[in-house]
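Alright, structures below, take your time with them.
Below, subunit A partners subunit B and then partners subunit C, in two separate complexes.
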Partner chain A sequence: MANTNTQQAARTSRTGRRSSTRPAVRGKVLARVIVAIQILLALVPTVIIAIWAFADAWPWPDALPQAFSMRGMDLVLSGGAGGGLDSLLLSIGIGLASAALSTLVGAMAARAIALHSWRGRTAFEFITFLPFLVPATVFAMGVQIVFIRIGLAGSVLGVILVHSIVSLPYAVAIMIDITRAAGTRMEEAARTLGARWPVVLTQITAPSLLPGIISSMTMCYIISVSQYFLTLLVGSGKVRTFALVLFPYLTGGDRTVAGAYGLTFLVTTFAIFFASEILLRRLRALDNAELYAA
Partner chain B sequence: MARSAAQPGQARRMRALLAPYALALPAVALVGVFLYGTVNGIMQGFGIMPFLGMNEPTLDYFAMVFSRPDFTSSMAFSMRISIVSSAIALAGGIVLSWALTRAKWGRFPQLVGLQIPIMTMHALVALALVFIFSGSGLASRALYFLGLAASPTDLGSIVGAPSGWGIVAVYAWKEIPYIAFCTVTIMAHVSDSLGEAAATCGASGFRSFLHVTLPLCLPAALRAFLVVFVFSLGSYEVPFLLGPTTPKAMPVLAYMEFTNPDIVNRCYAMALNGVTALVCAVAALVYFALILRERKQEGMRG
Partner chain C sequence: MIELKDISVKRNGASVLDSLSLVVPSASFVSVLGESGAGKSTLLSVISGLLPQDSGQVLFDGEVIDDVPTHQRKVAVVFQDSRLFPNMTVAENVAFPLRMQGVAKEERLQAASKTLASVQLEGMEGRSPSELSGGQRQRVALARALAGNPSAILLDEPFSGLDESLRDEMRHLVLALHEETGTTMLMVTHDAREALMMSDEMAYLAQGRVVQFGTPADILQHPAAEEVAASFGSTLAIEGAVENGQFTCRKLAVPAPGCANGPAVLLRTHDGSVDVHALSGAEANLS
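What follows is the complex of A and B.
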């Protein structure tokens, strides 16, 4: 009886709101059209760069390339002075090192911000966001002379250091969220049961922060490999990362080589991102399984 | 006995008191390097270069900056590009965020539609736009097939266009998804909870969006807007690749002067950076004011 009543009420309200239901449906259709357009737009640069990477002769006004070749990709994937492979590996190394450094520093900072209340906390939080709000060009031109004087200019170490500085705000932001969500209850429970701090850190804190650590590492890695200007100035042109080798081709006339460098950059970046997405999904599934098992 | 029990307790209290400072230390060191480098550069704009024995502060270089006609046009160009880009990113980002919330298509559209643009290097977006909109690009080929263009020069090239529309296009493509990314989680949350309530109270979809969802997302969106503004004002790659020869964007002009072997030009470059940094400092103050206001409101609500 009650059931029929509710159904009836639902029906009346549906008929009563007929005029407002239609705009709602229209809104959803519009939303889906916008999302579909966005997905297409997001894919356009990658697709065009991928075509140019293999197109060798493509005279105006042909709609399709006349000839394809591996010339560009061969150059990118060959080692030695003229090739891109060494710089790709260097970029990956610098990316991983600076991501690890800024994530570690960011995780510590996030803990200080999220779990402790202390004098200067707000000011500290603000200064960690400064690299967000001062352009890297201003920083790069200023820090160059400082690094020359202390011998860090032109070194891989110097480049890793400045990359971690510009990615620090991202690391802190990501780690604050996860640190807040994780809280201290588990750690306190473990400590009450007699666990010492190395055990708490490796068995409780690190695993509970792992999703954030993966997200932060990925984000910082992407920021690091994308740095051109900062790497050019701090590395004095001697630390030849992939972005540095790639950049001159963007203004040059050889579109095949530019496309090949661009495609290699995009594919490696996307691969690392999607690998970390899969890892995060596994972790979440594992967490849920544990939750249900318990 | 009592003493030995008190001591570990005291030590623990001491440790707890000092823990946040120890945790903050590495980040302070990194930001310290950042500030030291930045301030050191700007001081050179005031003619202070201790390594060359120049210690007398002077406003000469700033006076030079303000009297040079290419500064005024560069500043105007850079400000216009970055205001237009970040405004487009803000509006587009909010619309996209709304669409993602409303379309209810799950996680895939966010992975492709937001993450791919966020991950793609700015310079490569510029490269793709050159492939499409340069004189012999795909757009001009399409116009040829439509009978609207007879030669590669008929359609003006994106490279060096005086209006700088290519630069704006790159930033829009990159930053609309970024602002959507910064707002979509909170927007989904708000429209699930409060939007439902507003609808029950009879508010139409548009009205509840305008009066309930939008105000709650705006602080996050505005903060992202400021980050985009500062980034587009101070970044070198895109205006270098796509910008006109004159006026040059501020970072491009500054770097050109910076690489000049004459030391006077270096001071001049740093004075230019000082002006950019001043604008960014204002943006940073607004950013922090927004955060403080948000916290205060949250405090009042809680």
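What follows is the complex of A and C.
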């Protein structure tokens, strides 16, 4: 009797589980398929770019190139006037500088918008998003005239500034959310425990905003390194960033060189973010070690 | 000693604190009881300097400190939501006020361990705040407030996020630490039992004003206003003990003449009468 009861209980629980897990399993499969499609969409073009970077001749409809060569990579990684290395380093420098600048300004604007109430706050918040609404060409023309007048046209500083302006709305949008989430609770606690503002800023506020700072810098860096038209106009063609050098090869049809440039672009971007991630982890580990080294 | 003189705070045109005056004697434990919205937390923010008052003065030991910034006031706050720094370990959190005072690393970590032991959290030094339970987090917050040796500790509903069983344990711990360190403590709460049991003196706050100030026994037996009486609920029962004609529970001491020594219950009924019933059967009528 007791035995049949337990068997029955086991059966119901088994069927119960089956009926409840079925939609979950289906959802999981669906999720995996979607993720697989996403990975394919990103991976297939990347692989094609990577193959083109080393292809010498790849006529249609061959599945693979007939011959390989290092011609593209040699050109991209060689220094001097015709090479890509100088422009690559310039792009990384401009990208990091403008990412740092717009994230700093964005963080301050976000703080004013998210944590303080003052007259004109809503208008100010709207103004920070205006660059989203103004077409890039219109903006570029106007900025070029202003920069020519104040002597910033054709300079690296001018390009850094204009990239920062373009990426600023993204920085503000990212920083507003995280600043609002972090609030002032921890800062208040630190102040009551004797922390003056520089300590609060570096020990409490900055660490709590760190994920946002990283996302914002990533976003702004990518926006900067992929600017073509603005860089060309404001840099007067004299500030030759990677995107500027890459563009003629894309339109000119030398796919080997274009592929090599594209591949280098991707690899350096990834490398910079792996490096910053590792650096951040190191810094955190150091911080703990400093306190526990007896 | 903390003194508040005619403190007024307005927010969006509405009065939050309305010329409030209050004295917290040195080394005492004072509670501010009131419903939410009565201005209790605002009161603590004014004392800690996080929120400047619109008018009135705050005095520490007779000196006006209105222009002293928060970080120099030496009043630590224990918040309802702990507010432990997530990027620091438990020991780093507790050592934080000492670090702000420029205490050397080794010394401050030793002190942190000692303070952690006093809140029964030995061996938790290396943990991250996210690994702790709510009760443990609040103990760390308490240890962190104590570690800097502040002249006063402000407690903002410190137990309201905890289970009832934990709450009583924490009340006991806070009182033991108060006695041990002699630090002035000002606690804000909406729990009348808590205020009655823990305080040397207590204030009832409503609409930004002190309605009544006195000893817990006084306020329990002679509430000055309807709303003070209402804060005790329809019936209030506090378990304690009677010794030589006096009922005590933690700090609450109410005379209970004729009541037998031993465990007893203090009962306040909806009609306002306060009786002590010895659990052995004898009874004392107080009103």
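Heads up, the rule we're going with is that the second predicted complex is superposed on the first by the 233 of 294 C-alpha atoms of A that agree within 3 Å, B and C clash if a C-alpha of one lies under 4 Å from a C-alpha of the other, contacts with A are read in each partner's own complex, and residues count from 1 in each chain.
Everything that follows uses one rule, which is that contacts are C-beta pairs under 8 Å (C-beta built on N, C-alpha and C of every residue); 3 or more make two chains touch, one makes a residue touch a chain.
What you are looking at is a predicted structure, and each value in this text was computed from that prediction instead of being measured.
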- request: Report for A:190: first if it touches subunit B alone, second if subunit C alone, otherwise both or neither.
  value: second
Message: Applying the document's definition of touch, where does A:208 land relative to subunit B and subunit C: first, second, both, or neither?
response: second
- request: Report for A:61: first if it touches subunit B alone, second if subunit C alone, otherwise both or neither.
  value: first
Which partner, subunit B or subunit C, touches more subunit A residues: B
Task: Please work out whether A:199 is in contact with subunit B alone, subunit C alone, both, or neither, and reply first, second, both or neither.
output: second
Message: Using the superposition on chain A as set up above, list the residues of subunit A that contact both subunit B and subunit C.
response: none
- line: Counting only contacts in the complex, subunit A reaches subunit C at residues 185-186, 188-196, 199, 203-204, 207-208, 284, 288, 290-294
Statement: Residue positions on subunit B within touch of subunit A in the complex are 19-21, 23-24, 26-28, 30-31, 33-42, 44, 51, 95-96, 98-105, 109, 111-132, 136, 138, 140-141, 144-145, 152, 173, 177, 204-206, 226-227, 230-231, 233-237, 241, 251, 254-255, 258, 269-270, 273, 276-277, 280-281, 283-284, 287-288, 291-292
Task: Would you tell me which residues of subunit C are touching subunit A in their complex?
output: 48, 50, 69-77, 79, 81, 83, 85-87, 89, 91-92, 95-97, 100-101, 105-106, 109, 126, 144-145, 148
Touch list for subunit A against partner subunit B, complex: 20, 23-24, 27-28, 30-32, 34-35, 38-39, 41-46, 48-49, 52, 60-63, 102, 104-106, 108-109, 111-112, 116, 118, 121-122, 124, 126-143, 145-147, 149, 161-162, 164-165, 168, 172, 222, 225-226, 228-229, 243, 246-247, 250-251, 255, 258-259, 262, 265-266, 269-270, 273, 277
